[in-house]
């Protein structure tokens, strides 16, 4: 099998999807890595659902301030133009359609764009956090994840078997082997990792993938 | 109308068994009313319902080497009957928090709520809005058994206000009229909870004279605050 | 006919109803006068629905600040402990039951405590402002008004003929001749102005008044 | 992403006929976007729907000797088809405002809304809440024809969100990212309207560099603001 992109490379590919001036909420995991790869010349403002708009990079040890964290509990550095607000306001921004893009991790995505990312059925209890609000409210939901689970099972499926986070909410799936668009007609393979073929990707994907005419190699 | 209490013990003394308590903060040290929680542990009220963003985490957003007291300690001590939260368990399944352990034993109940819906339900409780419609959670487990309705082509679920007997908050500073100001991301749920409880108790770093907080910075006007205690 | 209380005297009688530590919203007209008569030793915090908690006395000419007004458009002086907020928050305080007392003027009050104070039917259009929210949301609604209209018609009526502001919302009516409680069993005359008799007050009141056993003279 | 426009004329140039426009301020000079209103009068868009606390008053909260431009001038000029307001007419029947005169002639429509319901409907529009229940107005003219429902023994009426094409606001100061701070009681409806319009335009006394407004004082985060113009 050809090589897969590592987590940083997935994040780099996601970063190219963020337009200049966008307001963006990044989930925990691979999505958190995205901010360091935004192409030069583009300014992106990050939103954190614990009540923060615009923030700087992660704080190094010794610089931490318990009053400046992101929703994942990581310490941040301040940045000019920040604004603080309460949680109702933070989610008014999300639910009200003011967040241009959210990037979320996933356990599964269905061919209709259903998202499952809050609970592994085996655990029986899980954390929703802000994921359902982001799935329902952000203008564009991008999923960033590995293409298959640790056992090699497809994570892009016909129907999610894990509990749903949102219905018909995902627009774009960026994995370690492919970029796949979710449309009314189903899934459409747009980009593939170096060395991979559409057939090899179809093999580790449960629903049928339409292959875009101009399918091309992922560049970072 | 003195609002200043001399100790956390005094400020939580009248919490009865069965009380519904909102606890501010996002999960970690910032905004967590650690001294009030510790006092409530010592006070010993039982059968509590806790409404908070998490189910009580030990190490979230923690400075290395520091210990944050959260409602985790109330759950460990068996004082809690029910938790209403968006983030009830630890991020890592291999290190379950007290809530997860007791939940699996059937010793504590859970009402799991999406975080934005939790915030909005608390705000609604404080604002006299008994119920509202939201698109969040439609088609998921959190909408099961709830009324849904389509507005402008979008399916929405009816969610109800949350209220409490007490709200325990941590703010940065207060003035003697009860006005509160917060710092940075430690604001989160606290200004909402302050509005939705019968008795709001704020643990603060400083209690200033009336007029010492810029009226533009007050995020919780004093009308919502019954008790102040310096931590 | 014996004399009636003037507007200031009505306001003085209302002021005695405000307990120490109360949060109070005063409507336009006679209610606005109440704040200057609060008994010594009591501290009352005033709420204004344009986004202000605690305020000082009216500003004298030359002291006006367009950014510090009450809901009636009058200029105020600042006071320590003030807080500013937006209109949604201002009405969350009202609707959420955080305002202990509101004092409102009225065109009519019914024997069940219905309030009509926003539109004279003859005008055909009127201003609601914050009156309906205050009527529905304040813990206690006190009406301060003249007992009869300029033509001598009773303003305390069986059924309001003017459009309603709220149903079953008024707790206490303080007029230029009487203090009347609104209860489940109807109206109860508690105090009467000097020189007046219960019979004389009944004569200018449409619904039947029960007379309290300990009915007494209004003192200021 | 430059948000700074050089003139009010430029900032309102694309307002089409039939637009729905929210106008901030309580009624008088404080918080009233006077320059944007004047520019819209000159721009001439017609058949507008205006959502604002008042129906356009001339002398409310006015300093003696000063003139405040309000949406009164847009109504006078016949540019307005409909007004959504809580306080549509002047306090004194003997001095009718332009709205009242045209309303009696059937030339302008009115949707009369209690002030708190107006604020909450605008907030809901910005917060993605399509509808909510409120006890305000039950049994009165404003509840006629609306669905009602009893919650916890209290009858409530279902009210729907309000949204707009444009919001015109006045704030005290902005930074270049669009963060806004207000002064005193001039905040009122403006932070709500900023969230509920497709294009929010703020007229401000000063436009500062990013970082020059204390992040604790920002009452309208820049995410809501598309256009800034110095008055």
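Going by the order they are written in, the chains are A, B, C and D; count residues from 1 in each one.
As a working rule, a residue touches a chain if its C-beta (ideal position, glycine included) is under 8 Å from a C-beta of that chain, and two chains touch if they have at least 3 such contacts.
Values in this document were obtained by computation on a predicted structure and should not be read as measured data.
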Touching both chain B and chain C (chains): D
Comparison of A-D and C-D by number of C-beta pairs in contact, larger one: C-D
Separation of chain A from chain D, taking each centre as the mean of its C-alpha atoms, in whole Å: 36
Separation of chain C from chain D, taking each centre as the mean of its C-alpha atoms, in whole Å: 29
Computed distance of Cα centres, chain C from chain A, in Å: 56
Mean-CA-position distance for chain D and chain B (Å): 33
Residues of chain A whose C-beta touches two or more other chains: 84-85, 88, 91, 94-95, 137
Chain B: positions in contact with at least two other chains: 120, 123, 127-129, 134-135, 182-184, 215-216, 219
Touching chain combinations (by label order): A-B, A-D, B-C, B-D, C-D
Residue ranges of chain A touching chain D (in the complex, touch as defined): 20-21, 23, 43, 45, 47, 53-54, 78-85, 88-89, 91-98, 137
Of chain D, residues touching chain A in the complex: 1, 123, 125-129, 175-177, 179, 195, 209-212, 215-216, 218, 221-224
Residues of chain D defined as touching chain C within the complex: 26-31, 53, 60-64, 86-89, 91, 93, 100, 103-104, 110, 112-120, 122-123, 134-142, 172, 182-192, 219
Chain B-facing residues of chain A, complex: 28, 48-52, 61, 64-71, 73-75, 84-88, 90-91, 94-95, 114, 120, 123-133, 136-137, 163-167
In the complex, chain D residues that touch chain B: 120, 124, 127-135, 151-152, 154, 156, 160, 181-184, 214-217, 219
